[in-house]
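Listed after this line are the structures, all set down as structure tokens.
Note that subunit A is present in both complexes that follow, paired respectively with subunit B and with subunit C.
Moving on to the complex of A and B:
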């Protein structure tokens, strides 16, 4: 009964989505207030019904209803309850439903947080969101019904892929989808503005917090996915340039460019057409990502579907949305007009360089991701593009962007004098160069790569701090605390996000240069040394988990010369339902790096093939990402984004902190 | 300098920078493409001798042997028509099994043994790497779809 109610709720939701787009867009086009007024209540209704459908599916999973095909294929009664709940989005059908849940949640948020915006504009935004929601709801109803019954019911479910039975899996997809789908709001604002013929600083100010929020969630989602791969796949990599990772990284690159170009549009009224185009591109890439991952074009843990109807539906929908948006852009953008001019050295020009570099980098990822697919589709042979390509392209493209990132915040709008910049930054430059030259020696080995990577990170950090100090000392308030309190939160957010980038670079540079790895055979009692740590293999024992049995290895690890030691317990699990083997690495996390042990294959006499790693500063990579996201959330809480009216401003502030 | 000349210069500089970026990207792309060959193609010398490539197929049943150090593994990859011996040093992914699909990246040695630098880990035991499936199809033995339908098939 519950699954049928869920299915029914989805049908109602699809009808509501159609109504939301048709009524609101017609109302906005003809200027009929009564039609425009339907947008908000219908958006609320859409959210309620989609959430009800999701709750019904989650209930079926948690209550082990194996008469539902989706549950029977992706869950198992031995699965712990929290993983049964997470299995709701562990299948193709469920994850598309999660997509729609996120979309309707964002629409709902727009409908309650937009009271200060003109009615007609809100109607158009919600209308565009309705079109997207309708597209995905019909996709679910026509090709991927999550509530399909299995008659007769299965005795037992086939289990969730063991790779996905992990706390990271519970939180990674919702975060990633919040980000992916969040760009739909930026997209809807851009389309509404094009329809309206109104693209001004006010539009950028309305659009900015939504874009930043989506970007923050996407950043966290990608970082969680990377962290999950690091500890779950058992070979210690944190980014593989896998097409599925690229599918989430491309919208991130475009979104990062968008966040920055929105700043220019808001402050200076320039880059208007470009900003709109970026908003369209960022969301289009989210759709492309969904297509790549969900159509079965790529085959990996994420690609559940091989039904060609699904791929074709998404492709047609993609064509319709992206093509329509670009056509509208081509038609309307020439009327937008140019903003104020700026000189060759100014904050605008640096942000323009940042945008161009980010978009070129995005294009390079797109090429590397799609080219093999095209070749395969045209039957011209199978090729793959490996990490060396992406690394060879990324480092030279991102280096100038990162260099400018340190200067940009200090440069003034419109025009900046180079001698002035030099005076303000020479200490930061000197300190970063000297430290970068010396620090690799302290870490053990000097190489140009390490010195250069560290210099970039230190340069960004030093310039950011120099900027902060100058800003505090120039503030007119009396007393240091008052000066600190006087700075806007958005500025602190930017500073924090930029420091996050610096931390990220430190992590990447040091782990790439100083990681130590050994693969060897170890019998109980054997010792092995890696990067100044001594690992002693004590042996293995069998333990039983809730739905698996496991061979657990015990390792004693001590720093050479130290007296106390740490116990590390890597596992090799065999899951009952699927019989699948899983390697669970043991990781000892520290501020200056991780120790990482994973078990390979057993050999004779209790000996095992073993992998031992020392990964210096690897956690800085994810720490940096979280700082970036935190910076974004801080910026969201800025007073500037609060609405004119008292009532609306209270709501906006509540939502900003609530989401943070 | 007239503003117009100045603007033209900026545009030229911008286009030049984009050109450099594009050539960088395409050059890196060209030198990092990894092609795929089936065991039959490798056996008939169609694969490059001086460049890394990928092979795919099934791990031949009974062909896996380990050296004493527990880390060097030898096995044969077959597309049912021809087989290629492979040697790999390192720990194998969880889903490496005899009789299952496999994709390996590496170079062919002068002795005709494929020296793999990477054996690809796949995420699902029922999953057939598309390259491996393709190799079997080309050799005239398409695999039974149902056996490798993966986790989404109807029970």
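Moving on to the complex of A and C:
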């Protein structure tokens, strides 16, 4: 009964989504207030019904209802309850439903947090979101019904893929989708602005918090996914340039460009066409990513259930939404005037350079991801594009962007004098160069790569701090505490996010250059040394998990010369329902790096193939990402959005009466 | 000129969409196997049912035969199993099983329950033969000709379409 109610809720939701788009867009086009007024209540209703459908599916999973095909294929009664809940989005059907849940949640948020915006604009935004929701709801109803029954019911479920039985599964997909789908709001704002022909500073100001919020969630989502791969796949890689990873990274790159471009459009009124194009591109890449993951056109380690019918549906939908948006852009963008001019050296020009570099990097990732598909389509053979391509292209493109990133915040709008910049930054430059030259020696081995990577990170950090100190000392308030308190949260957010990038670079550089690894055979009692740590293999024992049995190895690890030791317990699990084997690495996390042990295959007489790693500063990679996201959230908390938005509505009201 | 520039994103998208559409008609999993038209790698290992007996591909010289990689823990093997049983009943060609990374009693119990279509099954307990044959997922099926050359490899379960349209015509050709 519950699954049927869930299915019914989805049908109602699809009808509401159609109503939301049709009524609101017609109302906005014809200026009928009664139609526009429907947008908000219908958006709330849509959210309620989608949430109800999701709750029904989650209930079927948690209560082990194996008469639902989706549950029988992706869950098992032995599965712990939190994984049964997470299994709700462990299937294709469930993950698309999660997509729609996120979309309707964002629409709901827009409907309650947009009181200060003009009615017509809100109606258009919600109308566009309704079109997207309708597209995905019909996709679910026509090709991917999560509530399909299995009659007679299965005795037992087939189980969730063991790779997905991990705390990461509970939190990573919702965060990732929250970000991915969140760009739909920026997209809807852009389309609404194009339809209205008003791409102005007010539009940029309204879009900014939504874009930043989505960007923060996406940043966290990607970082969580990367961390999950690091400890789950058993060999300690943290990024694989896999098509599915790229699918989430491309919107992130476009979104990062958008966040910065919106700042310019809001403050200076320039880059309008570019900003609106980025808003369209960021969400289009989310849709393309969904297509790549869900249609099966590319192979990937994330290959889940795929079906060409679904691919055709998404492609047609993609064609209408993205093609329509870009056609609208081509048609309407020229009517939008240029903003204020700026000189070749100014904050605008640096942000523009960064934007272009980010987009070119995004294009390079897109090319690398789709290249196998292009070749295959032209009958030129099957290839796969690996990390060497991506690294060779990505690093040189990002280097100048990172260099400029340090200077941008210090540069003034419109025009900046180079001698002045030099005076303000020479100490940061000197300190970062000297430290970068010396630091690798302290870490053990000097190489140009390490020195350069560290220099970039230190340069960003030093320039950011120099900027902060100068800003504090120039503040008019008396007393240091008052000066600190006087700075807006948004500015602190930017500082923190930029420091996050520096931390990220430190992590990537050091783990790439100084990671130590040994792959060897160890019998109980054997010792092995890696990067100054001594690992003693004590032996293995069998342990029983809730739905698996596991061989657990015990390792005693101590720093050479230290007296105390740590116990590390890597596992090799065999899951009952599927018989699949999973490696659970043991990781000892630390501020300056991780120790990482994973079990390979058993050899003879209790000996095992074992992999031992020392990963210096690897956690800085994810720490950096969390700092970036935290910076974004700080910026969101800034008062100015609320204060300014009231002003904006007052301005608009004034403008409206003026026109009448 | 300015308006022409604004059409570029749309044009780029349409080009990508066209490629995506072509991509939908292809199967990315269809990896050309380096084993096709190469002699089947040699091995000699124990049989599943008769631990004392051994099996080697050389024993099948002069016959067209199938080597089917299976395991009791493999879910998709269940899906293709009725097709194999049916083929065995019709005595199309001998089917040799390669029981892959399995426990002997589990494998035998599985055959007992679902029927045994195999002339015999070789018992590849540690998966070494599987490595020689480039097996990266179970099930996989190899069609091997009278000279001991691999002529076709089915990755994943044998579907009725693959059987009717590819495997059976190939067998008829090889036997002629």
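Please note the rule applied: the second predicted complex is superposed on the first by the 633 of 660 C-alpha atoms of A that agree within 3 Å, B and C clash if a C-alpha of one lies under 4 Å from a C-alpha of the other, contacts with A are read in each partner's own complex, and residues count from 1 in each chain.
As a working rule, a residue touches a chain if its C-beta (ideal position, glycine included) is under 8 Å from a C-beta of that chain, and two chains touch if they have at least 3 such contacts.
Quantities reported herein were computed from a predicted structural model and do not represent experimental measurements.
Of the two partner chains placed by the overlay, neither subunit B nor subunit C lies in contact with A:142. Looking at the shared chain after the overlay, A:373 reaches subunit C, while subunit B stays out of its contact range. By the touch criterion defined above, A:158 reaches both subunit B and subunit C. When the two complexes are overlaid on their common chain A, residue A:520 makes contact with subunit B while staying clear of subunit C.
In the superposed model, A:397 lies in contact with subunit B only, and not with subunit C. Touched residues of subunit A, counted separately for subunit B and subunit C, are more numerous for B. Applying the stated contact rule after C-alpha superposition, one finds that A:469 touches neither subunit B nor subunit C.
Legend: residue contacts after superposition of the two complexes on their common chain; A:33 is shown touching neither subunit B nor subunit C. Judged by the touch definition given at the top, the superposed model places A:330 against subunit C, while subunit B stays out of reach. Of the two partner chains placed by superposition, subunit B and subunit C are both touched by A:382.
Subunit A residues 158, 299, 376, 382, 578-580 lie at the interface with subunit B in one structure and with subunit C in the other. The part of subunit A that touches subunit B in the complex is made up of residues 69, 72-74, 91-92, 150, 154, 158, 161, 163, 233-235, 299-301, 304-306, 344, 356, 360, 363-364, 367-368, 371, 376, 381-386, 388-389, 392-393, 396-397, 519-521, 578-583, 598, 600-601, 603, 607-609, 611. The touching residues of subunit B, counted against subunit A in their complex, run 10, 14, 18, 21-22, 24-25, 28-29, 32-36, 54, 66, 69-71, 89-92, 94-95, 105, 121-125, 127, 129-131, 134, 149-152, 154-155. Interface residues of subunit C, counted against subunit A in their complex, comprise 2-3, 6-7, 9-10, 13-14, 16-17, 19-26, 28-32, 71-75.
Interface residues of subunit A facing subunit C in the complex, by the touch rule stated above, are 158, 273, 277, 280-281, 284, 288, 291, 295-299, 308, 311-312, 315, 318-319, 322-323, 326-327, 329-330, 333-334, 366, 370, 372-374, 376-377, 382, 578-580.
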